[in-house]
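The following blocks contain the structures, represented as structure tokens.
You will see chain A twice below: alongside chain B first, and alongside chain C after that.
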Partner chain A sequence: MREGRRGTVPDAGAAAAAGPAAGRAVGRRGVRRERGPGAGFDGLRAAGRAARAEWTKLRTVPGTWWLLLAVAAVTAAVGAGAVSGLSTAHCPPAGCREDVVRTSLSGVWAGQAAVAVFASLAVTAEYGTGTIRTTLTAVPARLRVLAAKAAVVGAAVLVAGGAGAWGALLAGRALVPVGFAPYDLGAGPVLRAGFGSALYLALVALLALGVGTALRDTAGSVAACLAVLYASPLVAGMLSDPEWVERLQRYGPASAGLAVQSTVGTDGLPIGPWAGLGVLAAWAAAALAAGGAVLRSRDA
Partner chain B sequence: MAASEATIEVRDLRKHFGPVAAVDGLSFTVVPGQVTGFVGPNGAGKSTTMRIVLGLDAPDAGSALIGGLPYGALRRPLQHVGAALDAAAVHPGRRGRDHLLWLAHSHGLPAGRVDELLEQVGLAGAGRRRAGGYSLGMRQRLGIAAALLGDPPVLLFDEPVNGLDPEGIRWIRGFLRRLAAQGRAVLVSSHLMSELEDTADHLVVIGRGRLVADTPVAALLAAASDSRVALQTGARERAMTVLSAAGATVAATGRESLTVAGLPAERVAELLGAEAVPFSGLAAHRASLEEAYMELTRGEAEFAAVPEGEGPR
Partner chain C sequence: MTAAGSAGAGAGTGADAGAGGAGVAVRTEGGGVAPYRSQLPPARDGFLRLLHAEFTKLRSVGRWLLTLLAGAVVTVLVSLVSAGGSDAVTSGDGGGGGGSGAAAARVADSFRFVHRPLAGDGSITARVTDLTTGADTDAPWAKAGVIVKAGTEPGSPYVALMRTYEHGVRLQHGFEHDVAGGAVAGDAPVWLRLTREGDRLTGYVSVDEGTPANGGTPASEGVAGGGEGVAGGGGERWREVGSVSVAGLPETARAGLFVAAPETVRQERSFGSLDIGTGPSEATGVFDHVRLAGGSGNGGGDGGDAAWRDEAVGPASGPAAANGPAGGAERSGGTFTVTGSGDIGPLPPAADLTWMSLAGAQVGLIAFAALGVLFITAEYRRGMIRTTFTAAPRRGRVLVAKGAVLAAVAFAAGLAAAVVSFLVGQRALRSGGHRPPQFPEVSLTDGAVLRAVVGTGLLLALVALFALALGALLRHTAAAVTIVVVLFVLPLVLGGGLPLGAVEWLFRVTPVAGFGVQSTTPRYEQVETVCVPEDGCMPQGPWAGLGVLAVWAAVALALAVWRLRRRDA
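So, the complex of A and B:
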């Protein structure tokens, strides 16, 4: 209780008098709270406890492991399949200019669906089962809950996505058909494409987590994420105005983010590899901000 | 566990869901060392009040403080307040022990504490099973274990005996009594007054979000039993005639039993003796908690028909 009392200063004047050195937090619906000296360290420890609780929560449902396995397996298998299906029949006489690395990593396109389901469920299952109330009574700082979820869900997908991407690159290199240039796994662009794909999937996870937190419903969240991820290329295919097509490729979360996989003709892309991943990061940040706003303002 | 910290203070609390006032200017205090029953029909605002106390719902006006602080200001809240709101609120795929484990991890509590509590609530053998396979009684026990994890001085239970078998009900009653005897403040909601018989020391009765009564159980029972006499007689019609003529209000409660209000027992015996009406039993009537409750809420019969927990969240 001693700790708790320090956490509240009912008088706003006293809060101001404490000076800028003391971190200040505005609680739910404008209740101003003042943290005393050492609050930064306390806050860090509290964040650590919240993250540990979220990790325990995540690892103790079987669905987590099945979905993470699906992310890795689908990403690797679809990529390997795409590479082995490459044919020289359509190559120009000068030789094949195919981006084989990107083809190897094309499974990410399918794996992101499993990521959307996994990350949505990490929060929507809590609303479905009602455990969100238990969560928020244990950790009343709501943004801390969201941050903890983002950390563990993002990290889990980063590892599973990384396994899938590197599995795909290994398989792809082994399966490259005759007539295509094999690639060196240690080459800069290949490393960027591999780790970038893992980051891409982690960012998709954060996007889905934000959408799930805002919508509080598994089906709605998964549908919204799949629409955002898969619709922009489909719509681009239907548009006739090349300017709009390019805009969609530049700002659509999936098409922009996947630019990180390019290793051939990167200069001719609508958006650069890292800039593209940055666009996806902005989408994820916007979704998390929306989710955080809903989580803070709405009754649980 | 200082006594002053083990309180719940609700002051002028208001909460609307659309046009419906779920809680409408409610004030009461829950003190340590006793079981406080929180009673009202479904939709009276009990669950909403409890959610506000726990910081889950934001009130439109008023305050709900625990040991003088709003819930959100508590550091390590599970060590101040334990709550079991909805027994069904567990992930069916998670083992019972793991449900307690993540809660323990949120407060840096060791796994040993989890096993201790599983033992305490009688789930030691079922902790490794997935909660989806638990009976309602087992889920209630798991919820109670979760509430007690941080050894808090304040406890809230929302309808903890709902759906339990008689054995489970007896167990929970004993458990609540023990928690109060340890000096904790225990708030238990129920829509059935009879469930709180022999459990609650104090009652907070609400209807349509407003306070109906805030009273010790003993005082309520005394008031409801006041100057009423239970009479056993084979000559029911004659006894009713005689006693009504003397100004008493007489109600038949069985084929051979009557309840007499407005006359003391000695006067009833005297009158019946004078008119030679035979009777086999005569005793001061002891009201049940349910009767006392009916008496209390007679004027509140028209409760809003919004089922508890179905409001927007």
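So, the complex of A and C:
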């Protein structure tokens, strides 16, 4: 209702969206003119402009680049550390069956925290500074704003997470200790693990974006995201009932989603690699839906 | 100052209004209008007022109270899930189930025993020439030595003097007590002597090449009875290991040789997790110059060869005795070759029930961390910090007051959460099959449990304090919350997949060490245990662990004070 159907003139909206954003972040450059008053009323174009406005906002905040750098660096560094810490001392007599690829990618556990911060801030910072009101004035179709944010944030994290994951895989292959089989970067399961990790981080970003939109508060959103992401492995570690543990690993967002990193013994996993990523996608979709509902129904 | 007083007065309208009033009050003070003025010098009354002001801020922000409540509720709920989702894993070993002392405290008491009766006072002497462990056995605490025991039923009182595989000579008794008796050089033979005088038993050791003076057994003599009567024993070259008083030894006890080898603990890593398994183990000890001396009714020394009885004491404990050879003893001339497995010592409970029912703090701490960070960053966000510092210009004191208020409130909430967690968790555990025979009942009044429960409150208070310091340092809510949470949670999450050494190191130095305070499993030096932090076995003692966390919090707080005083608000 509040989207203000009467005020929906997408071109004006898009122009204004770029305007205040640039004005906020770039300062001196002032209002930037949007090219040509496109006559098309198609939603696709409007969505494109909204996405572009979001991207302008995102890229002009220095924190964005630091956080994306942190995502890539932490993912790669923790993974490299985990691989170099491997030792054959406790291998079973038959030989080490360690999933080295998964160990290389264990930095994702740490990198996802930076992703949660980044994606939460993408929306909660607007509430903190009041920019959200400008944004919604410029693009009154609120769900479009959320979709644009999701696209931009997801894509940015996909790229940064991909860089981190592949950096970790490269470092892991170089550092893998004697006694463990080095892996082939071009092998199917390794490719799945690498790109799957990037997708995982992107889905975590969408989850955090949804939570941030629903809670509108940085601290609350970050804390809630971290709790959701870390609680399932923590609780699974506490339980001794295998049925409960499996249930948690199958439906917990982090445990299920990271099944995509497995390259060895995937048949024995509680959930398959892609199905696990699907569980996480469902979590992210639920969070986005909740965020969208709050965004639509509540005053900004 | 009157500032804090008016902050308290303005409490009803919320934190901002409260501290805003503080700022105004200072100005009116300058104008001389102030109708009320404290007679106390500011330096002295300042801090209490500061505490009051900070408490007013804390209690008047609904969202913070909600966060605190969420932390407590999450702690309880996760504890409940953790306790309710755990079945009692009935491990195969019954421990020392049959013994008299076994009902109260679970003990391991199974070993190979070659013995004779020892009536009244006397001594047993033997030379351990060799101690080897079987193939596939990794038992640093494999032991061979002399023992005086009330009987052959498991759990009965005993005193044992032994040579261990890697831990030198030891004098042990009462299953829990262990006295180190010095290292043993390589494969050198070791003379051991255990002397009984009433209830007092004294262990002596000699590592001399030849025959120890006064009471040693000449090599040619072989096994002799108690003919010489050298109950006193102590020659120049005998060294006393220790003297212990043992209640419950009957007049005629069993004395003899024993060999035991605790189960081999094997760690296997596969698929990113660490499995701890146990395997069979056995040890073989070679004795000579065995002599039982003294004893009123033990005159038949020479004829006593037949009186040496070889027996396996205790039930087959776990897979070790079930899979491995049951052991045995051979005797040729004066040389006894005894093979055995098992252990004599305390048997820690299979699971730390207290730890399991307090596990929710691992997740609940996230809310406490968020509260701690917000308590300072929210002031920066709203610009209220400037009002606060106008009212109380000594910034270090402001932060300390904030810390004190926050820690007290977090402790109260954490303690309440811990008590409720423990009570509901124990109930859930009991209905899940954790019942007394195998899992002794624990109650809030036990010392260790009380320590764990109160420690959980302290732990959560320290988490909040650490978060506050980080928030003051970084002035950025999201970054501070994330760093605190990652520092605490990542070691817990990644713990299962890292090598044990790295895990131990992580749990020693990172703030996670604080969880050590929740551990109630007693640890004994003489029992080889693999510390898996997930199961509540932390590499440090409870207070040492909490101390590590306290150091983190103190250092962060000191840095925060330092930075607060040097940087514009």
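Note that in this section the second predicted complex is superposed on the first by the 259 of 300 C-alpha atoms of A that agree within 3 Å, B and C clash if a C-alpha of one lies under 4 Å from a C-alpha of the other, contacts with A are read in each partner's own complex, and residues count from 1 in each chain.
Here is the rule we go by: a contact is a pair of C-beta atoms (placed from the backbone, for glycine too) under 8 Å apart; a residue touches a chain by one contact, two chains touch by 3 or more.
Please read all numbers here as calculations on a predicted model, not as lab measurements.
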Which superposed partner A:220 touches (first chain B, second chain C, both, neither): second
First (chain B), second (chain C), both or neither touched by A:114: second
Contacts of A:103 with chain B and chain C, given as first, second, both or neither: second
Partner chain(s) touched by A:137 [first = chain B, second = chain C, both, neither]: first
Touched partner set for A:182, first chain B, second chain C, both or neither: neither
Touched partner set for A:233, first chain B, second chain C, both or neither: second
Footprint overlap on chain A, where chain B in one structure and chain C in the other make contact: none
Residue numbers on chain C that touch chain A, as the complex places them: 63, 67, 74, 78, 81-82, 85-87, 89, 267-272, 274, 351, 356, 359, 362-363, 366-367, 369-370, 373-374, 377, 381, 477-479, 481-482, 485-486, 489-490, 492-502, 534
Touch list for chain B against partner chain A, complex: 2, 5, 51, 54-58, 67, 69-78, 80-81, 83, 85-86, 88-95, 98-99, 101-103, 105-108, 146, 312-313
Parts of chain A lying in touch with chain B, wherever the complex brings them together: 1, 3-5, 7-8, 27-29, 31, 33, 42, 46, 49-50, 52-57, 60-63, 125, 129-131, 133-134, 136-141, 298-300
Contact set on chain A toward chain C in their complex: 82, 85-87, 89-92, 96-99, 102-103, 106, 109-110, 113-114, 116-117, 120-121, 124, 128, 217-220, 222-223, 226-227, 230-231, 233-235, 237-241, 244-245, 264-265, 268
